[in-house]
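In what follows, chain A forms one complex with chain B and a second complex with chain C.
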Partner chain A sequence: MKLVRKGVEEIDDRVGGASFLKRSLGKVFPDHWAFMLGEVALYSFVLLVLTGVFLTFFYEPSTREVTYDGPYPPLQGEQMSAAYESVMRISYEVRAGLVMRQIHHWSALVFVAAILVHMLRVFFTGAFRKPRDINWTVGFTLLLLGMGAGFTGYSLPDDLLSGTGIRIGYSALLSIPVIGEWAAFLFFGGEYPAPAFLRRFYALHIMIIPGLLIGAMTVHLMLVWRQKHTEFDGPGRSEHTVTGTRLWPNYGMKALGLMFVVFGTLSLLGGLFQVNPIWLYGPFVPYSASSPAQPDWYMGWIEGLVRLAPNWTEFSVFGYLVAEPFIPAVVLPGIFITIVALWPVLERRFTGDHEMHNLLQRPRDAPIRTALGVAGVTIMAVLTLAGSNDVLAKFLQIEVDTLNEVFKWLLLLAPPAAGYLTYRICRELRDRDEHPIRRPRRVRVRWNAEGGFDDVEDDAPPGAGSPGTRPEERV
Partner chain B sequence: MAFSLAILAGLGLAIVYWRGGQTQIEGALLAVALIGIGGGLIYWSKQLMPPAEVTEPRHTGPSADEDREAVEGSLSEGEERLARRTLLGRLLIGAAGALGLAALFPIRSLGPSPGDTLYRTPWRAGMRLRDETGRLVKVDELEQDSFTTVFPETAPGSADGQAVLIRVDPSALRLPADRADGAPEGYVCYSKVCTHLGCPIGLYLAATHELRCPCHQSTFDVLSGAEPVYGPAARPLPQLLLEVDDDDYLVAQGDFTGPIGPGYWTIDKGPEGSGVDPL
Partner chain C sequence: MTGRTPRASTGRSDARVFSRVVRWGLLIAVAGQVGFWLFGAATSAAITDEERHGQQLYETNCMTCHGVQGEGTEDGPSLEGSGPAAVDFMLSSGRMPLNQPQQQPVRQEPAFTRTEMDAMIAYVALLQPGGPEIPTVDASAGSVSLGQQLWLSTCSSCHGAAAVGDSVGGGQIAPSLEDLTDVQIAEAIRVGPGLMPPFSEETYTPHEVDSIVRYVDFLRDSDDPGGFGLGRIGPVTEGLAAFVVGLGIILLVIRLTGTKE
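Let's turn to the complex of A and B:
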């Protein structure tokens, strides 16, 4: 530790950061298990970068035709792109290559999942309210960037499955009115399958999107640092204080520990659970499609929209065509994304609540928001299931067409039902007597010095939980 | 404990790697090592340093009023000074705008102009059909109700020239009148690129004479000119009208009866000024 102290002193001589460090090391972090979800996302990202760098040493973003002569017998002698071959080489010939590739893919899946769950936590507890509304939007941008990174990465091996994904992306872009053709040609470098797309996706995947991700993450964390975490209401909590553990050593050690646990868990997944076995799909050929073709899970809802949309969503205006995919694959996701991104603003509009909030709400205390949130999650769940209707149909031994009808009805009925039920449950729970925040205050009467009587709040014995008060009842 | 486990796992990992590597063992050992360190740290932070809960005031929210006023003051003061030189300011805005406009042009070089590429495929009149194995297709070669993928003779494997060739009972065909002569001996040929999102259509349901796309289950009726009968696709598959040449080979009468693949804004207009028929 002497060395550390020496180092700190040397640096402080030059830049004088000690006062900053003093404040930072003593910073107070509220502690709740749910607050770790964002951290899990952060650590998955760190692992994504580490394994990603390893993979760049071996990956070749080129559609140049080569003949496979590696150790995997079924593909020997087959024609394929250099990109696919290099991923085959990573999987079969580079030592520890496959484990790195699988850890990378698993980390990506967990990264997006952790962000999503983190967002749900923030949503249902009202943590996005002013002054953290900016950070809600920054966080949501992170989710979108994460999905973009996932999609571009998924496409790089140039296998049959990813070819299908890119084709769908291309066609969706192509369907946009007025600018679609130009946009698709600019983005993909020509008519599908233009050989240029791999280099572009590679640049996006390893430089542009990660750069933006790092930038947005920095802003996100700086805002959290500056504004401090929210915390749940409870004894001794108020809007104007922050209660928790100090960054050093308690919180820091635990966070570091969590990082290693996340790394370890992802290594386990990457080692033991096969993901994206491209050798089974085979190299991309434009005239075959793999069935069943599924995207990574976070794209499933768009896939569901595309599968369920009726074909009358294609129509002509003055001889110009608004192609079928435009509404399900561009407009509807766009609307959904806008609503989520602007949620704090929308909620403020409807509730008229312009206050600053540092204390969290329990979901039951905001029944309408909770109900809407549950309805939204239900929509997503139905769509994601519908996105794999062919697999489900096979599994359940039903005709796909029948299953689609079921999904259409579910999409219509399930979200309102789930929302209404949630609303009722929230109201019910909220109005119960044992609600800790609403519990009747125990009041003691004291005889004061002047001979009158005062009402005094009873101090509950420590540990039993004192009667909390609602924030607005406090002075 | 946890840390020593991590040490062992780390050493094991080195040995496995050195002996040639094995994915599952690598993953598991790496996991043991990392979780060992992580678990150890968490345990340590819990045991050795009991959590000390502290409460501190928060300092967020707006800055002090005088600071705000000071900032606003210096901003507006600067603004006033700039406002005295309006012409200069306008010129600056103009220059920045022009540069911004110029900067848009490199974007243009990112992609070729669509031109007529979306309307054309390599098919030309008199061109023979080549199947997946590279053989030219002769009439009488296919069984009734069989299905094969064909390409233009000159462009095997072509992404937009790919087509499905199906032989059906000629008397069952219900093609539009102007296409009736395009199916010699019951050979009908359609673009293989789905008009929904462009997947290659891989399934032929012989019992109902339907083509089905594996991606989103769009289904097309082969006998009636590949009209969509189910699923999200809204436009029929363009047909490749065929005839038989003097050497008994199947040949195309020309390009497809319409632009292939997924829809786009100007699909019914034809490329501007190219003179290509919108078909």
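Let's turn to the complex of A and C:
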């Protein structure tokens, strides 16, 4: 022990930081379960990096033609890209390769899902309000980067399914008026399938996007550190304090435990559930298509937009052709992304609320925002379902065309309906007297001197946290 | 250019040529009718027991839609050129007979025994000769590698890469190949039921059909090396599993460790 103390002192003499460390270890984190969603995304990312590094040892980002001579019978003797062959080798020959690949893919699916759920929590509790509005945009950038990392990664095996997906991406880029061709050539290095595209996607997938992700994550966490957590209102809570558990040792241990739960769950998925079986899809060949062809879930809404788009979205402006995918695959997602990224600004404009907020709202406290959020989620859900219309048609035994009509009507009607219903429910809940957070007021009855009864309200709920019993920090 | 004979020299006008053609035409038609009647009478006299059995079955189960001579009616298509492969495929996969006309034929338990099906195949061949014969299949002679290539270039865009089926628009479904026999797969290739195009021997040689059958067998027999295959449907079920299983477990743990005020 003495040796440790000595060592620490020696370092502190030169580097300093002991006081910072002490302050940091005493940091207070709220105990509410909904505050741990962001951490799930963080730990998924850690596992993504770990498994991803393993995969880079064996993956070859090249369209060079090779002949397969591995153990999978149907592909033996077949010509394929070195990229596809290397992923086949990872899956069938590298020790623990398949489980690593599957953990990597499942982690990616859960990573983006966790960011989304975390973001919904932040949205519906109003945690994005000033001063945390900047961090909302940083967080949303993380979501977009996560989608980009996922899309580039999904494309790397160069199999028939992902080839179909990239072709859609390529067409969407190409459809941008004026700059479309340059944009497409920038990402793909030529007419798709250009030999350079795998190298570019690989660089994006393992260096550029993860680098940006780590950068944005650092900013995200530093801002949380600086601004401290928000907290639900309740006894012993105020706009100027945050209560909860100190980082060291209690919260740290809890977080470490959560990390292992995330690692464990993702490993369970990777070990027990097959994901992206590229040997079934076969190597990419330009004249073939696979079915059912879907992107990973986070791109499903764009797929849905493309599938539902009517055929009059192609027209000419000043002699420039606005190609069919432009509106469904570029303009509409662009509008949606802009609205979400700027939501704190938009909301401030409409409410005129420029105050600092450290206490959260429950969804019912802001019925309009909650209603709009639910409407937005409904749009996304309908579009995601529409993106898998062929699979749904088969399982529901409904014609694809009928299903498409249904989705078009749902897209028009369901979001307003869901929004209105949410609004009514929120108002109803808000107007109720009982407040589960503050607990029902105790009402005592006293016999008064005149012989009647008086209600005596007891404002302090029983056992309400007397400030000071829990760790507390100023915000 | 020798024969620019002036019309007047032969003394035939257009009208006379026309009446000759009509007269010969009529004669041939009458002869054809008589011949057909004679031939038809001869065949119906020579009908075998099996064909007679098939006739009974045809008349009770098929005739109302496909017509007395298999010529088709408003309710069902003509059987012309369908051939034994088509009849065997439809009957042995339980697609025919339909409960109601205009229904989409789907795979069911076959309604007839093997003997009954053979009898009907024989009788339909009598009514409407021609069409592809029941193919002989030897999956073990096929190449699984060639089979995968052919499957992915021709079949997977409708039936799915893993042959689990998918919907193809117009209310039609390219069915899963889960329960087909090798012969039924080959028959479907040759016949092209529903929206599927037929592939003749010029398009796919018997060896190529054997190879496709072998690959489908391989798909059905092979285990999923990555664990539970989620129906081999791809990103749709994978995304669902990520939310339900992955995020589900994690959220449950979070909820149990965290507080709720």
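As a convention for this text, the second predicted complex is superposed on the first by the 427 of 475 C-alpha atoms of A that agree within 3 Å, B and C clash if a C-alpha of one lies under 4 Å from a C-alpha of the other, contacts with A are read in each partner's own complex, and residues count from 1 in each chain.
Heads up, the rule we're going with is that a residue touches a chain if its C-beta (ideal position, glycine included) is under 8 Å from a C-beta of that chain, and two chains touch if they have at least 3 such contacts.
Treat the numbers as computed from the prediction; the structure is a model and nothing was measured.
Using the contact criterion defined above for the overlaid structures, shared-chain residue A:Met36 touches chain C, although it does not reach chain B. After overlaying the two complexes on the shared chain, residue contacts for A:Gln102 are found with chain B and with chain C alike. Once chain A of one complex is fitted onto chain A of the other, the partner contacts of A:Val400 extend to both chain B and chain C. Which of chain B and chain C touches more residues of chain A is settled by the count: it is B. Legend: residue contacts after superposition of the two complexes on their common chain; A:Thr265 is shown touching both chain B and chain C.
In the superposed pair of complexes, A:Pro249 makes contact with chain B only, with no contact to chain C.
Judged by the touch definition given at the top, the superposed model places A:Phe140 against neither chain B nor chain C. Once the two complexes are overlaid on the shared chain, A:Tyr59 sits clear of chain B and of chain C alike.
In the superposed model, A:Gly257 makes contact with both chain B and chain C.
With both structures placed on the common chain, the touch criterion links A:Phe284 to neither chain B nor chain C. The intersection of chain A residues touching chain B with those touching chain C, taken from the two complexes, comprises 31, 98, 102, 254, 257-258, 261-262, 265, 268-269, 271-272, 285, 287-293, 390, 400-401. Considering their complex, residues 17, 20-21, 23-28, 30-46, 49, 51-58, 60-61, 107-108, 110-114, 117-118, 132, 149, 151, 157-160, 162, 192, 196-203, 213-218, 228, 230-235, 261-269 of chain B touch chain A.
Note for the complex: chain A touches chain C at residues 31-37, 40, 73-78, 91-92, 98, 102, 106, 109-110, 113-114, 117, 160-161, 232, 234, 254, 257-258, 261-262, 265-266, 268-269, 271-277, 280-282, 285, 287-297, 300, 388, 390-391, 393-394, 399-402, 437. Against chain B, in their complex, chain A makes its touches with residues 28, 31, 95-96, 98-99, 102-103, 131, 164, 167-168, 170-172, 174-182, 184-193, 226-228, 236, 239-246, 249-250, 253-254, 256-265, 267-272, 285-293, 306-307, 309-314, 316, 319-325, 328-329, 356, 358, 389-390, 400-401, 404.
Within the complex formed with chain A, the residues of chain C that make contact are 144-145, 147-149, 152-153, 156-162, 165-171, 173, 215, 218-219, 224-230, 232-236, 238-243, 245-247, 249-251, 253-255, 257-261.
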